[in-house]
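These notes concern the structure reproduced below.
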Amino acid sequence: MIVIMNPDATCREVKNVVDAIENVGMEAKIMEGSKQKIVGLIGDKSNINSLSLEALPGVDHTVPISKSYKLASREFHPQSSIVNIGGIKIGRGNFVIMAGPCAVESLEQLLESAKIAKAGGAQFLRGGAYKPRTSPYSFQGLKNEGLKYLAEARNQTGLKVITEVTEVEAVETISKYADMLQVGARNMQNFRLLKEVGQTNMPVLLKRGLSATLEEWLNAAEYIMKEGNNNVVLCERGIRTYETYTRNTLDMSAVAAIKHLSHLPIIVDPSHGTGKWRMVKPMSFAAVAAGADGLMIEMHPDPAKALSDGQQSLTPENYLEVTKGVYKIANFMKQEKLTITQL
Amino acid sequence: MIVIMNPDATCREVKNVVDAIENVGMEAKIMEGSKQKIVGLIGDKSNINSLSLEALPGVDHTVPISKSYKLASREFHPQSSIVNIGGIKIGRGNFVIMAGPCAVESLEQLLESAKIAKAGGAQFLRGGAYKPRTSPYSFQGLKNEGLKYLAEARNQTGLKVITEVTEVEAVETISKYADMLQVGARNMQNFRLLKEVGQTNMPVLLKRGLSATLEEWLNAAEYIMKEGNNNVVLCERGIRTYETYTRNTLDMSAVAAIKHLSHLPIIVDPSHGTGKWRMVKPMSFAAVAAGADGLMIEMHPDPAKALSDGQQSLTPENYLEVTKGVYKIANFMKQEKLTITQL
Amino acid sequence: MIVIMNPDATCREVKNVVDAIENVGMEAKIMEGSKQKIVGLIGDKSNINSLSLEALPGVDHTVPISKSYKLASREFHPQSSIVNIGGIKIGRGNFVIMAGPCAVESLEQLLESAKIAKAGGAQFLRGGAYKPRTSPYSFQGLKNEGLKYLAEARNQTGLKVITEVTEVEAVETISKYADMLQVGARNMQNFRLLKEVGQTNMPVLLKRGLSATLEEWLNAAEYIMKEGNNNVVLCERGIRTYETYTRNTLDMSAVAAIKHLSHLPIIVDPSHGTGKWRMVKPMSFAAVAAGADGLMIEMHPDPAKALSDGQQSLTPENYLEVTKGVYKIANFMKQEKLTITQL
Amino acid sequence: MIVIMNPDATCREVKNVVDAIENVGMEAKIMEGSKQKIVGLIGDKSNINSLSLEALPGVDHTVPISKSYKLASREFHPQSSIVNIGGIKIGRGNFVIMAGPCAVESLEQLLESAKIAKAGGAQFLRGGAYKPRTSPYSFQGLKNEGLKYLAEARNQTGLKVITEVTEVEAVETISKYADMLQVGARNMQNFRLLKEVGQTNMPVLLKRGLSATLEEWLNAAEYIMKEGNNNVVLCERGIRTYETYTRNTLDMSAVAAIKHLSHLPIIVDPSHGTGKWRMVKPMSFAAVAAGADGLMIEMHPDPAKALSDGQQSLTPENYLEVTKGVYKIANFMKQEKLTITQL
């Protein structure tokens, strides 16, 4: 961290800052600028939190230098990670598709979805049993009944199952039925939940919060990894901006940024990212080309009858067209050595 | 909800939409525009969730008409509510101040804070025992030890205690020590937690999420109220925008908007809202003038030594100056009948 | 437009709204909902502007239905447009690359840039002679001297020249030296300038404003087209969001949205879109895959010595690597009929 | 500016950075952190623009330290400025109200507006003759005819006239009819226009751009002041955020921030800031309390018939109620020495 003093800060004020830094066992270095002094802090990062230097007289503002996450950073782990989910690999060139309905609605709906998902080359079946909804009056999911359907679909198709966990109490149960736990956007900073999934050895898909910075997102991953669970895959699903035409603004550049800042695999969810089924195809193509390690796509046997998110779900035939194109592009890029696994 | 058809939608496509609406027991009305048809849905709102009309061919987009929350709306409850916390009233002209450190750090620090808070006219002592922090390496709070200090400070000063609850498991314990539960910005859509505090009869302060719309915020209140707990006070604490000079952008107009849309009291947190102690005074004055039912202010006996948020905490002397001004303005406005309790 | 009345609006208030609509020669239709009345306006759109219905008692809010632009809309012109710049086509499957330095700095720098641009397969040389800069103390461009260098580079390489026009007075001069005029992000709603370039017959590249909605952007195109100039190409260059890691947030989904809403070609500028040279490659690949009709890329013979935007400029060797990959992907997608020209 | 090197940057890479800095006549200082090196630049700021240090190998990122504006900064001019418009003072405790319709529609409408404005205590009549509109099909203003009406209203009431200038060619003419020029939000970075009004000696009201940072806004003021015109008043009019309930999000904290960063007066426009007439009263009260030097309020003799912005215009009676309250609060705060003129 560096501390920018006011241009008219007194020597005593600079001294106070230096003292405050040294009092917590860190070293302070002063750099004299043409207009103002700058004080740099050297030493163990964990002490920085016990300082509130901006409250000291003469301080203009402070600028953090070191990243606040470590385990999730590429500096700490230079090679891109591969996360292995029961034999299916994600990352470092291993590309996957997760597909299925927004919510598990019935066994029949789910089994049909699973068959189509598989036909399109998906390795994972997605489907929400515990649904976080903005309104308390919206469909809240089938809960444990839904989990059983997911397990049944897995048995019949061999697909891995990924489903969202929204509460600490459900982590254990869901872990029995699913192959991968999803932490949703609204829970990205539910630190208690992050710690809980960190204490399992289940692979975790960590969606980016609605307005989370990359730094906050990687810190959320750090919460999970700090508990000992390194099987974290990130998922860009659109961020909140002023634009209302799309449900969210899909931040495709996050794929590139994460490949620079972190070793963790990152996939893209173009369904939530755009909120419009029509835009899933171009954004899926774009995600592959950008270097994403996979896609999460909402697909429903009959979107117009979906209990949630029908407007962004692909029909089976659209889904098959999209995934066919996606694999063509992915394979071409691999063959031509154009795939971006690191930046 | 109304459904806007494409200008080139066929009669059959319009018919399909009408059928889909009628199939769930609602009534459909068609309005013929100069360019395109519009289909309106009449009837029980709860069926709307089972429709995904935007997925139907010929549909351009849909527009919600009714609000998705009810208990929290002013339509449902035209008179402004008063929330009573052990004799201290908030709302409908009853103005309060909640003050104290960001985090409970020690008994000594807290007791000193409490005395200063009270001297400035605060009715509530605030202080975090469970701290949600972006980085897992930051100070996470004293947990139950901190709760005991809060209770002790209450005993010594008579101030009501408000503290944040970040996890379901802690609700019961915290309810024993505190007079009011705070649900923080990062947990505004932690629906499981909302339900849990809804099942207590504790007053709840619900902070606005970092990028929550007013609609989402009132729906979060609805989650609590639907469980039977109507003692909800809202707290505007700044939203995330592109501007980085301030920590957040304090949305002062939310005070006015809430007074129009809802009957619930709303207070303002200028400390988190700006992230700069210097700006707490003008924003506190502005909040009172705008009609806020109270203020939540961070104050620390020695901000430069605060374990968190020192840069936005007032010193005791600044705090006393701010609250003195605040009460002068509040009283003047009351006396001149300028206080805005409803819009 | 439709008008949503308050649930407790009186019949007289509804009547007032109907009267106001009919007074300007439009037709009003009433739809009775379960909670509130909705009034629809039918007729000539241009009269809507003379109404301020939200100011009438009993009105909750209004919702626009028709798009406010016409000439730029796909409804008006269903087939994707091709813009022809002296024989170089953009749109409907015709893909182009515009490359060059942020600013024209010297004849030598520009000629070297032009040769490299051409070697990478660019059809256009870009370079700013008139530079809009946030600070008045930053380099403001070589102005007319720079224009001459651009013309010279065109002569030597055969590349088309595109350069930014920042003021009405310069339109005529720049039109003599350039093949295509660029209207920059900061001038997207400089309506006087839009009209001026609309009155030339020069092709125009219209960049999206820093926080422009798609609707506003297409209305800006409409300003140009209404003056008789249909040679408009749109350019997505990133929007302003809360994320600070990237200079802007490249809204890749805008490519898909524009292909649905409009017939105009759209290209992507990954240099300004990300602000980091490292991210230009993945975002260029993604843009092609998403269906963009072209790319605008900043490249400099020696980025570290660039007078502006060095941090986002590619070195010559990086540029050649990126464009090689881009053309490979573009050709593969064309051959496999995966190119998205319409949605 | 300081340069943060990568943790694994080589000595040669650090040397390269130092050389690049010294080559432009600045001094480089190295600070050795625990993880990475930091290089500080000391010297004449104007050379910084000729460096693109982030393009150099081994550089992680750069952080600006000095402000990019000077004349507009409080450091340069510690005392709060007063801008004098023909005898009416704004700033340093001098509070003004500017009121009137969004657009000049007719002589009759304007004269009526002027009388009401004056009755409410306004010193300025506002009204647009040149209207920047999102759609080319919306009412574009009466242009010079409107200017004559404004001059007539000034003659009849003695009010000062402020009106918007949207194009360079109109500056001279408008300067003849108006007392103060307004540069609108969409033109805040129309640098050519800023220079032009900077070359007049007319007082200028500079509205904040839709998504302008405080830094960009003050740099826009700097463009005007650099040309020799110091009579600049800033106007906060709401910024673009994700929230759609209000037309913009009124950034009340900008009043406080500007009072810290700059000596220029700042007023608030609650009409555009909220887009809802109902919210003008609470936001006007809040602005006064926050320390704003004035208000710009839209008022129309018959808002429902306004040619633009009727939904945010006050009726005459609401206007009179609002201004009465505003002056009561302003006077009370002055008398109690609570007015914030500097932070």
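The chains carry the letters A, B, C and D, assigned in the order they are written, with residues numbered from 1 in each.
We take it that a residue touches a chain if its C-beta (ideal position, glycine included) is under 8 Å from a C-beta of that chain, and two chains touch if they have at least 3 such contacts.
What you see is a predicted model; the values in this text were computed from it and never measured.
Asker: Give the pair among B-C, C-D or B-D whose set of contact pairs overlaps with that of A-C by over half, matching residues by number.
Answerer: B-D
Asker: Across the interfaces A-B and A-D, which one involves more C-beta pairs in contact?
Answerer: Between the two chain pairs, A-B has more contacting C-beta pairs.
Asker: Could you tell me the distance, in whole angstrom, between the mean C-alpha positions of chain A and chain D?
Answerer: Taking the average C-alpha coordinate of chain A and of chain D, the gap between them is 38 Å.
Asker: Could you tell me the distance, in whole angstrom, between the mean C-alpha positions of chain A and chain B?
Answerer: Roughly 26 Å separates the two chain centres.
Asker: At least two partner chains per residue is the criterion; list those residues in chain D.
Answerer: 211, 215, 240-242, 244
Asker: Residue numbers of chain C touching chain D in their complex, please.
Answerer: Residues 20, 45-46, 49-56, 62, 68-69, 132-139, 166-169, 186-187, 189-192, 210-211, 215-216, 219, 222-223, 226, 240, 276-277, 303-311, 313 of chain C touch chain D in their complex.
Asker: Any idea which chain C residues touch chain A in the complex?
Answerer: 211, 213-215, 239, 241-246, 249-253, 255-257, 259-260, 273-274, 278-279, 281-283, 285-291, 325, 328-329, 332-333, 336, 338, 340, 343
Asker: What residues on chain C touch chain B, complex-wise?
Answerer: 2, 4, 7-8, 29, 31-36, 38, 40, 42-44, 63, 65-66, 75, 211, 240-242, 244
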